[in-house]
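Per-chain residue numbering starts at 1, and chain names A, B, C, D and E are given in the order in which the chains are listed.
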Amino acid sequence: MTILKTENLKAYYITEIFGIKRTVKAVDGVSIDINNNEIFGIAGESGCGKSTLIKTLLGIVKPPLTVLDGDVNYSIGDKKFNILSLSPRELKNIRWEYISYIPQSSMSVLNPVRRIRDSFKSFINAHKKIEKKEFKNLVEEHLNALGLPIEVLNAYPHQLSGGMRQRVTIALATILKPKVIFADEPSTALDVVVQRGVIQLLKDIQKEQKNTIILVTHDMAIHANICDRIAIMYAGKIIEEAKTEEIFKNPLHPYTKYLIGSLPKIGDKSYRVSAPGSPPPLSNLPPGCSFHPRCPYVTERCRKEIPSLVEARDGHKVACFLVSKEV
Amino acid sequence: MFSAIKDLLKYDKRFTFGFSVMTLMIFLAILSFFSPYDPKVWNVVPRDMPPSLKHLLGTTSMGQDVFWLATYAIRNSLLLSVIAVIISRVIAILLGLITGYKGGFLDRFLMTINDSFVILPLLPILILIASVIKGALNINNLGILLGIFGWAWDARVLRSQILSLREREFTYTAKLSGMKTLSIIIKEYLPFIIPLIMATAMNNMLWVIGMEVTLAILGLSSLEIPTLGTMIHWSVNSQSLLLGIWWWILTPVFICILLFISLYMLSVSISEFLDPRTRLQRIEVMKG
Amino acid sequence: MKQFLKVLFVSLIVCSFILGSIPIAFTQVAPQIPREETLIVDILGGRIINPKRFNPWVIGVSAGTDSGIQQLMLEPLWMVEYAKGRILNVLAKEPPIYNKDFTQMTVKLRSGIYWSDGVEFTADDVIFTVETLKNNPGMSYNTEFNMYVDKMEKPDKYTVVFHLKQPNSRFHSYFLDRWGACRFMPKHIFEKVKDPKTFDFYPPISLGPYVLKDVDPAGYWRLWERRKDWNRTTTGKLFGMPKPKYVLYIYYGPPEKKVMAQVRHELDMCDLTTETLRAMLQQNPYGRSYRKEFPWVVNIDPCITGIVLNTLKFPFNIRDVRWALTLSIDIVETIGIAFDGAATMGALLIPPTPVYHRWYYRPMESWLKNFTLDIQVDGKPFKPFDPSAPYRLAEYCKKRGYPVPPENKIKEIFGYGWWKYAPDVAEKLLERQGFKRGPDGKWLLPDGKPWKITIMTGTNPATPGYRNAFAVSQQWRKFGIDVEVQTSDLAGTIIQRGDYEAGTTWPAQEPWGGHPDLYRTFVAWRSKYVKPLGEMAIGGPGFVSRWSDKRLDAIIDEMEKTAFDDPNLIKLGIEGLKIATAEMPSIPTFGYPGVVGWDEYYWTNYPGGENPYQQPYHHWPNFKFMLPFLKPTGRK
Amino acid sequence: MLFFKSYLLPRIIQYIVVILIGTTVVFVVPRLMPTDPVQKTLELVALQGTYIDPEAVEKLRETLKELYGLKGTLFEQYIAFWKRLFKGDFGPSFAQFPTPVMDLIRISLPWTTVLLLLTTTLSWVIGNILGGLAGYFSNQRWARVLEGVAMVIRPVPYYIVALGLLIIFAFAFPIFPVGGGLSVGRELHLTLDLLLDIVRHAFLPALSLVLVGSSVWFMTMRLLVSNIVREDYVLYAQVGGISDREIVFRYTIRNALLPQITGLALSLGQIFSGALITEQVFAYPGLGTLLYNSVSRGDYNLLMGITLLSIIGIATGVLIIDLIYPLFDPRIRYR
Amino acid sequence: MEQNNKLLEVRNLIKVFVIGSGFARSKITAVENVSFELELNKPEIFTLAGESGSGKTTLARMILGFIPPSSGNILYKGKDVSKLKGREMELWFMREVQPVFQNPFETFNPLKKVDSYLYETVVNYGIANKKDAFKPIDEALNLVGLSLQEVSGRYPHEFSGGQLQRISIARALITKPALLIADEPVSMVDASLKMSICNLFKELKEKQGVSIMYITHDLATAYYVSDRIAIMFRGNIVELGSVEKILTDPKHPYTKILRDSVPEPDPERKWQGRIELSSFEEKEYQSRGCKFAGRCPHVMDICRSKMPEDILIDGRLVKCYLYASNLNKAIV
């Protein structure tokens, strides 16, 4: 069952600084369907527009970010809405209770001069009127469920280790048991052991609450470990989307092939190559397929036309002329 | 530099305002060189005349033309503040950079001196010195005096900024590129602290102008030299408020306000312009 | 958020309303002190730093003496009255009686004078006071009494005889009140005090007609109440009952505050500046000044203003230079710039008040007119005196639109004349001394260096010295001298050290004000008191010009041998003045134009120009003699 | 122990050194000036018109030097100064000889401290709250109006602000008294009436101080907040639907307050040098006039007394803030 | 002379930091008694692996001479690094040992053009004068697969992380160093470019003979590039030896956990089991015994009170009491 659906979503940053106009095509025609009760991974490198995509999906659209086209339709239970058309008040009610967000930089999203408890209080009180005792129960129960010590409530953010902070942020984002959770690089910049703990936590939450997690990270190994489905984003577009096993076993897009083929493995010292060159800046995309300057299989058509995302196999979509030609 | 000003003028209203007011002030200051009246001579025009075509801003009870007096006042006050600002900036920047970068005993020693300056009750000391050497308190000397006393806090601010810059990795890169301390400070750090220097300089300038006014109101600066402060002093002393000679008192007060607002606007807008964050954006944009 | 702001603003407004709307329009005095029976006067010296100290017998401690101590609380033996030109016997029944060689002075005291605590004032108090001062270094007159007083005796309760160590024909002047004198302490209080220097004398008892009622612990006012036994004080005996029941000495702050207070009828008598006076008269229909019409200023103040020259410093040691500087001043323009014409010019180094006009200016008028400088103009010796100057000043005032006093009053109000505005003669005098003008028309010293004069002056723009400095600097600048005015709080010290060229402190030591004796003025120029440059001058005006003249020394010696009441004193004075005028050690300009503002809402019959029955100031010690003449208006 | 040895001790030593240097500067500077209290006293006597016999002047000068303790070299005087200070004695005032400096300070201190403590804190609070609001809601019209008002008030010379208030509220509309700290003749019994009287007298001085003071704090706070609103935790709180009210007070103002606290400590320390112009304009009792008089009168002891108070005040303020800063900023501890 | 065949010797290195201010201050031992060495004339890639806060960056900075050690020695080619005096010696040392930092965007001043550092390096080390500087620069850039043309006149943010990191390496290579200290050089680099940097390191070692100290928490790349590895935990090296041995058969309990936590890019080999995380780092630092004792599944009493010694087992050093008895047995 689809819980979130977008069609040709376009969100650009349109800025004008000292008279020079600039358009950054951060999200450029993205269509996704995300199902209920799944972990959906979005993979991509820095600057591919994945953070902007999340912002748009969350309805955090403030100038200079502008949505030019497309809707973001949710159907959570019997609640159906386009998040881009909600008023600030409605947005406020939707967030945390229905849709929540785990940000990337846990250090900077918690107010450094307030105790964790106060942050919980603020976030809960903003959505629910509850008694002091109820609050205590709610938070302690939640922390227990997530395997976090209660003492963290009395700590200041800086007193926690990076991993603990990230877990607290996750707890904060999930305290009201939202149906849809966006997690933006939740484990980047964490040590491997901690990373494992954090990912484990996300998995647990999903298992228990049966909700949808949209996980954004550039780390394919994480995706492999947790996601049900993965979308690969490149230069503002989804270029490939499939079940996790499928994508790892059978990547179709040349970029995906590079991405997966270059992953080192312990116990395997064989030579690995990265894709040549660098991703293009979103403000200045090459014509045609954005990947064509780096693509070893580039054709004339790739330089001129933009391939669209089509289903190549059962549930495996890809945007590449190499593949779509076969279809 | 020139193109930066052009861009700021075109796209930043605050800058446009600040810049045009400042230009006007400087123009007026220059105009003073062409004044038909000697500001030290009294009784050159009829007394207490309200503004008219002949006397744009009226005349004083001493028989001076307010407009032309104001041009001198602007010139001297600006000159004074520039002198004081330059002196105090030199001290503050040197001290802030050295202590911040070098650290150790030198830092502790200089900061103790610095703190001693911070805690000195400035007004009594200025009053003391001013009342004694007032005869010699021409614009230059007053500027130097205020410059000598106006750096302590800003040196502290700069130091803390340098302290945080010192921790950034590019410091090591610069060091390992074989750069010497001085060139690291100048080439690497200065671009970051220039906005701060600008902001503190503007603030300092305002402080200097304000301090001069205070000293003048107390009758402690050289009252024969027309400055904003002495203009206020004379007008207050001649009861221009009670006698309804509003043009005399309002002129310097209004100039003070204008100067402040324009300096503030300039400071905000220039800091923003030079701020690394926005600066990067801009560089990006310029390149397309 | 807007709501929060609204609440904030509303509460602010409500707060100020509550505070502002407390009934009764605000007055400065509390209800139990009826305003209509209170005379409110300004404290000249500003805030009283040490409000609960009433011991004025320590040297140099002035703060507070002018907030009632000298005006209401203490009385002297004798008092100078300069409005009428006489000396009043106050606690003394009659003038001092000296023996022939001035080694003994007898004082007869009035009887029936009581301290406010009911103890009678007698010769014991006088002897006790002098003894105490003599025995305690640091108390006023300690040095003087040690120098002169050998012993005292008390032939009876009301007589004191001073035996002096050395002859002194003016010993009594220590007891002659002219803003300051040796006043007396109550023996029955002070004899119990261990250290009279540290004793605060609070609450004080008084010998004058008022006694302290209350004092501001912060030092902004002192409230005095009329003594019930006012008729047992000299003031009461001489002039009757002082009219105000209360006198409040209060300091409101800067001049504009005083004006506001006066307009609100919360200040009856006040020292103002010309500008504040203008503002006050404009806003207050009940306001008045010393003269009701132009020039409003007090013309009986016993001080002369002018320029002091450092006569030990080149080129001011040259008489021709001093005269050149004098002749390059246009006195009419100077007074015009300084006081817009409202001042009395004085050509001599004594104040141009009516009494000195009578004693000196009028007798010397013909000498002045015929006085010549040893320089020829058109083949004739040059006569520098300009008797037409006051008329020119009157012209100036007329042009400024002021009502000019009638012809017969011009001399009284604008003075007897001044020195000619003769830059051409000044030029000749300078050239004679080797001065030249440079290509730009500016004067060069004989050695070819530019001539630059710095005029030192104080910092209070309300003072004539300050205004004189700026006015004269303009005159000399016009003449082609590079002049700069330096204002400094330390002008006094700098001038005393001789570290100056010209200055605008008082040009000569003031005479008594109410007595023709000029000893006080001349003694400052006695050659043995002249200190070399760099060393502190003795102190006081006159000394700082460091000028002396053998001929004047002789006159001073003569004066010392002449009794205070000898009519010959005037003759000696005239002789001395002739020497001082010919040498011109300092340049006199005009008499001190005192500016007083009076509010006639509650009180009238102030001693104004139309009826100068008394000196007009509330800060002078004579103030107590004014109070019996004030009339309440009956307004509430 | 570690804390004591490695932090508190050096900090306290620095505190003492700083006070020592400051005091020495204030001790030396006036003595380098070409004036001295003896000369001032003589001038005063002479200028008042009291007649001093020329023969007596030299002796008098010596007597005064002796009495004022100004004999000996600068260094001897300096030593004597510290000796006296350790006994808690500032010596006698010269201008008010022989009243002890302490007595004079005691008269003015309460007025100054109460008024300035109140206005400094009040303007800090008002300025910071309004500045915080205006910084957070920088696009709203009222925020711009507030900013405009603050921007206009701030540069106006304080004297003019004070005088303007007086002219309006004490002269044109005589609601408040023109000056003083109390009505004349008011008896000092602790009643509501007396309290009201004091408040009414203090209202205009306080208003002027608060107006100017809060506009200064306003400007800095606005700037600080406008930077903080860009921080991630503020954006995250906004995304989390936390009310503006809570964000303003618990997130932006709370965090921007940290540098302001240091500023407050400094200004509270400065209380002890009084508010000279306020006192002058409003004839309000305080240390400022005392200080000013001591400067112009060359009253070294009084000058030392007040400035020492001020130096210690500021230094202590800074010290205390340094020590308790971790209470406001929990990060400090572990940084 | 023994020192002669050592490129770098680190002996009993300790670094203690005093942190905090006001009423709250404490000491933290960031590096605790660390020793290891690199051979001269035998280029290798030596990995220092561990979580953040394990002291690896502090160690790197001490070796680079940025911060002085509290005690212990660092000998580079037999010379004590902390005792190098004079600009001459400093320049010599900096020429020999160059770093590559973690965040390429922080490596360069964002307000300066990137190539300025390249020119500074060339000129300051006297490699060429300003006019001819482009040649060595271009050579160095060629080594990392770039050219001066691509780089000159551009600001840091105009490059991708991978490009910048390569420029950073190129800058370090200009002086032809013998030792490159690379602190997390790929952690901020995009996945698609990571391997190109790793390959570059391998190339540098093999073709240029540069020894590289590779500091990372990413065991997968460590395995890919390095020859030897040292696992650090809370200031201690808990295991040191060849990378194949340690990562395929870890001995220390911590290494085991670390190894297990590395996610495999293979959906069929997901993580098994659960792990425990530390909540408050501070406590682990303060512990007197083995810092891992609090989380170790095999913890013994002695672990909490006394730090274990290095034990040589199976061709590697392990700091763990689990193997102490083994050693004893072997001796006995």
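The working rule: a residue touches a chain if its C-beta (ideal position, glycine included) is under 8 Å from a C-beta of that chain, and two chains touch if they have at least 3 such contacts.
Since this is a predicted model, take the numbers as computed values, not measurements.
Following the contact convention of this document, B is the list of chains adjacent to both chain C and chain D. Counting steps between touching chains, the shortest path from chain B to chain D takes 1.
For this pair, chain D with chain E, the centres built from the Cα atoms lie 54 Å apart.
Rounded to whole angstrom, the centroid-to-centroid distance between chain B and chain C, based on C-alpha atoms, equals 44 Å. The distance from the centre of chain C to the centre of chain E, each centre being the mean of the chain's C-alpha atoms, comes to 88 Å. Shared interface positions of chain D, defined as residues touching 2 or more other chains, are 33-35, 163, 167, 296, 334-335.
For chain C, residues that reach two or more other chains under the stated contact definition are 254, 256, 260, 489-490, 494. Multi-chain contact residues of chain A, defined as those touching 2 or more other chains: 159.
If you check the complex, the residues on chain D that touch chain C are 33-35, 39-57, 59-61, 63-64, 66-67, 93-99, 103-104, 107-108, 111, 133, 137, 142, 163, 166-167, 169-171, 174-187, 196, 199-200, 203, 244-245, 248, 280-283, 285, 289-290, 293, 296. In the complex of the two chains, the chain E residues touching chain B come out as 64, 66, 91, 94, 98-99, 101-103, 106-112, 116-117, 120-121, 123-125, 155, 157-158, 168, 171-172. By the touch rule above, chain D contacts chain A in their complex via residues 231-233, 235-237, 239-243, 246, 250-251, 254-255, 258, 328-331, 334-335.
Here chain B touches chain A in the complex through residues 7-8, 10-11, 278, 281-282, 284-286, 288, going by the rule given at the top.
Partner chain D is touched in their complex by these residues of chain A: 58, 60, 91-93, 95-96, 101, 103, 105, 108-114, 118, 122-123, 125-127, 156, 158-159.
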